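Chain nomenclature is as follows: A, B, C and D, assigned in order of appearance, with residue numbering initiated at 1 for each chain independently.
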């Protein structure tokens, strides 16, 4: 039988920056019997889902739902809009930006990877001015897309997307704007239409509080136009047939029905609470967690306060401390999962997720586990982060308490 | 639709001394389809359950399983063994002892309620010497039963049952020994056979980590003999027909099938971990929680260290502080349920449950919520309980970590 | 791990007259986390439940909800209203009437058991005229209650309760009217207030489509008045404290929380569909099943068409055929559970439940299994029952189809 | 709230040829909390899954598990092994073969579509001799792959894959053999290694009894070798990184955790029953269903008895009867979903799925619904199919009954 936790008792604390803890309501919804994906109930469900999901993206344009995990939606965005050898301008904000660039290469595109020198870019957001400069030089408009990560899950930085849009416009450049907000959606403010994004990429296992297995492309007219001339081979990811079938609430091939049940429940929960409240909730948690990191006397990975992530916080280890050894100790002793440092930050930091089905005490527990684990690992802490966060949460009421 | 939490996000922290947090494995088991309670699968399940449950009571004698919550099993124990007007010796350890006495009265028995004077008895365990003294005086053996609460859920005191047995034996008295361990079973050490208990009463919603709805009577030969002559009217609770039907794994009337699924899963979990490990786990948590209370400079309700409960800890409020107001604030701000002061202790203390599906960080979260709530309520704390407990848990490994 | 079906594949067909098949919605609702039974969410849930359940009983008077299975609610009705040695008039309609009489005896009452001679009463309903005659003779009003079974689960007879009320009134007799509709509620028409019932007894595992574990007493002013003078010892079942606590949506002792989640969902489902529609649905199924029995050339257990049960149908075996052997074969070969003949009808008949979460094809499957099993057992059938029922269902639209 | 069935009561009968009815054990497993996809429990689960799934494919070679539905695995098989403009030989057995051909075109391959003339190929299996003839003519070995559908879900034909392998070998041709057994796996006999298949494509929502959302590629050395030189752009579907990560039980990107829980449970269920028993079970059901169709006097879509599908049966309507109207009536009246005629067979036939979590009575119910619906639609039936099937099932014991 499935053994999901090696600890003998208690619920695991899943404080990685996604998959996030899934609410019981959603898990129950997902366990209802699978139905006919071509029957009338399914069509009704499909139409409802496709309408409600737009609210979350703040768009009136189509949102494609893929029965595939988030990496697939990256591929879909590129394959639908680009042609072999197309130049795409990407910006190195961390590990996921790097992986997306690697994917662009594998797909036969020519990514150009802007970024701050050395490790600096992994502690900052997208620099819109660098994008503007580069686009101004591209007088022949050989760059077909600007691809940026909104919330960089590997570092805890939430870049300023409107600034990127302004940079493109200021340069008078026709490149499409493709934005990955896999971990930003429904945690951080995100506005597909108002920000002029052409393709927004997202996934289910973060702010939507679902298990992984669903991913999204929100589109624009320009993106759809580009999809009609792009020459990359596409079938599973192709928008055209999906948009056609979606008109009646169906999909051209078998959708992953039970995860869609979960999506429906998740959308209801988010809309019941109100999207602005959801975002305020994550912001408040993020301040609490950073308050703890500061109290410990440790550095937050993100060095630009304007772009601190409301979704996760990277905690930098002092020189000589192996972040992965700290994480392992915390996992073994306290049944708490934290995110590892990825790529260039491997072993240098760990990441605390503060998203999804959490509350103040979940985070106090997580910070307690971190604090104890850091001390057991011999890290010198300036003060108690858990107490600092507790004080912050005490003094700053959440929105639902009068 | 069912709204189970008035808070917008996150899992509720259920740290009352029962119902305890139910593990997901058990909730899933309970949600399987109901089967025919007279069919072959049911008989197989029944026989398996009746065998495994004995291990938890540490008995080789029959254990009756009722499709009713714990209060019913109190009634069953009295109704099966006593006759109208029988004298029963009870001991006031707290609210539940008081309720049991009230029940005895309602059932037409003549309870005699021993106890320490005033409020003292609510902060101590059963005084076996008082029982011995009383029994020695009962030379006519008009007292038919000694009824004590093992783990007094209202105060956090776990009385010494072997001492009570010795007291009865020392007095050479034939009274039956009836013990309520509704909240003690599978948390605190309990030995039905070795301790010479005649009827052990227990319930599902505490150490067994089930929802409420199942309760138990573990029997002895003397108890069964008494049931044959007792004259209290009995039908639903009568042992005779249940024992007969149990031989084949069935019940004389419809059992509550889906809770039995959960019981089966619970028994498997406890036996997989090992009962001694389960008990050690609760003991360790209890020390951690008392360490926190001490750090706050507050008093533990129980004033006899020998009988501190491993299941829950009563936290006494300073003069002038309304414990219920503190509890309400903690609930509203931190989505944490604590047990209220009951009966004589109403408003004077609250109770932290540390049982069931918990782990160290669950308790750190709970203590964090208490600490913040106490401060927000204006209670002067000597120091940080949450840090003291964190230090205790850090320095004292749980059994499953090498 | 729990093995709930000895067959290798497919869902078991649970066509016994209760526990009935539980809808997935209810099973999912029951698997949500247990909450504090003294917290604010619980109070809100309690008030909602207590209000909605009255609609099902068609009463404006209090309905008591017990955390115990149905047999307990029988005991509760007697214990709350009767005193030791009270005479109660009962009517033998079948096995459950007999069991209730046995309970009355065990509780120290003096049941008088009316009935048709021999086996005749097991194939007919309550004979109101016999009750009237008996009550007229009881000029001293020593009879304190008339106890009848509305839907006799052992035979498939749904007695005429208004006729019993009229009989009591015609006799000018003050006896209370106690009615067991454990298996009738939410299947057959039932009107607690309009029919002048004093205590209605019901349970969760039949028309309410829940697992067993909850039972009910619906009260009247006369019943409540009687409970104040009755002298049977009572505590767990006592109405007074429950009524008091219910005012705020709570219970005096721990209710079985997760089954109450299920009850809430069940009430929503029934009220969404509409109680009249629910009853019409069961009536239509019953006609279909009896059509099949007639086509087989077998007898229906109930011999009075006026009181055919909409909940279950008893199928009488020809002489020399062991109904239990037929049932066993059907179970083993077709993964279908049928109700056995109980008491006087043991081995003579089996019972097909047509209640709860069923539809036409569930019953076609069940009738198919019966037909095949009867033939494999060597029973000579006149024609095909499954085809007759299919024809009936085809020609008679269910209410939800226009 | 999610409304999964427009009918008021009872469980929907999902007798389409996939998604198949999902057993409760699997739905419950899927609803357990999501865990860290980079943590130790996940690695252990991953290794276990990757080992057990090989048993189902009867292979010792790697099986790739995609977090995407089945159509994705088609794309993966082509993209990993082929290069732009490669010729692939496909065989028109029905709608899914046609869709796969269309995909090959969209991906820039040059499919050559063999087939019997007209509609004939939609009622027969792959003609291995036609493949052999074609390959013999391809002396330059420009054909890089032979792509066939094992179990054609649109028609109910299970082609002879060993014959195709022999045809390729007889022609001495190096083309890879790609086989779609999305709906065949774990229903029909399938032997990846013994039959010399290079890439087997499958999905979760058929014989594996899971919801849709997982798909598979089982590989061969030749397929892996081809993947190293193929030039189609690939990233999400690329085998290389997945194989590398799988060594430790992980995936290069986020897998769909909760569906993997379900997969683990499904594999346990299939292996507990025994794969040979599972296949025999489906074969027996298929004979029963075809017996019914014959009794009705209707034609089975498949006209070659050697390749009747054990998974589904296509039922051909008489001239002038709109199969979709019949299906709609059956759905509305009997809460039964049947598969529609697809592509060339649209409106001409419907499909009965007999796979997954079924038993004899499930199929009797389904055949009952079909029979009633056909009659209500005015179709003249020769006799009763439901009775014929019932007789067949009665006379032919399933393997688990002695």
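Convention: a residue touches a chain if its C-beta (ideal position, glycine included) is under 8 Å from a C-beta of that chain, and two chains touch if they have at least 3 such contacts.
Just so we're clear, the structure is a prediction, and the values are computed from it rather than from any experiment.
Trainee: Can you name the chains that touch chain B as well as chain C?
Mentor: Looking at chain C and chain B together, the chains touching each of them are A, D.
Trainee: Contact counts by the stated rule: is the higher one at A-C or A-D?
Mentor: Output for the comparison: A-D.
Trainee: What is the distance in Å between the mean C-alpha positions of chain A and chain C?
Mentor: About 54 Å separates the centre of chain A from that of chain C.
Trainee: Using the average of all C-alpha atoms in each chain as its centre, how far is it in Å between chain C and chain D?
Mentor: From the centre of chain C to the centre of chain D is 45 Å.
Trainee: Would you kindly tell me how far, in whole Å, the mean C-alpha position of chain D lies from that of chain A?
Mentor: 34
Trainee: If I count partner chains per residue in chain D, which residues reach a count of at least 2?
Mentor: In chain D, 1, 11, 21, 24, 28-29, 31-33 touch at least two other chains.
Trainee: How about chain A: which of its residues touch chain C in the complex?
Mentor: Interface residues on the chain A side: 1, 24-25, 28-29, 31-33.
Trainee: Given the complex with chain C, which residues does chain D contribute to the contact?
Mentor: 7-11, 13, 21, 23-24, 273, 277-278, 281, 332-336, 357-362, 364-366, 368-369, 371-372, 375-376, 384, 386-387, 390-391, 393-394, 397-398, 400-401
Trainee: Write out the stretch or stretches of chain A touching chain D in their complex.
Mentor: 1-6, 11-12, 14, 16, 18-22, 27-41, 44-45, 66-72, 74-75, 79, 84, 102-103, 106-108, 203, 205, 211-213, 232-236, 238, 253-259, 261, 264-265, 268, 331, 337, 340
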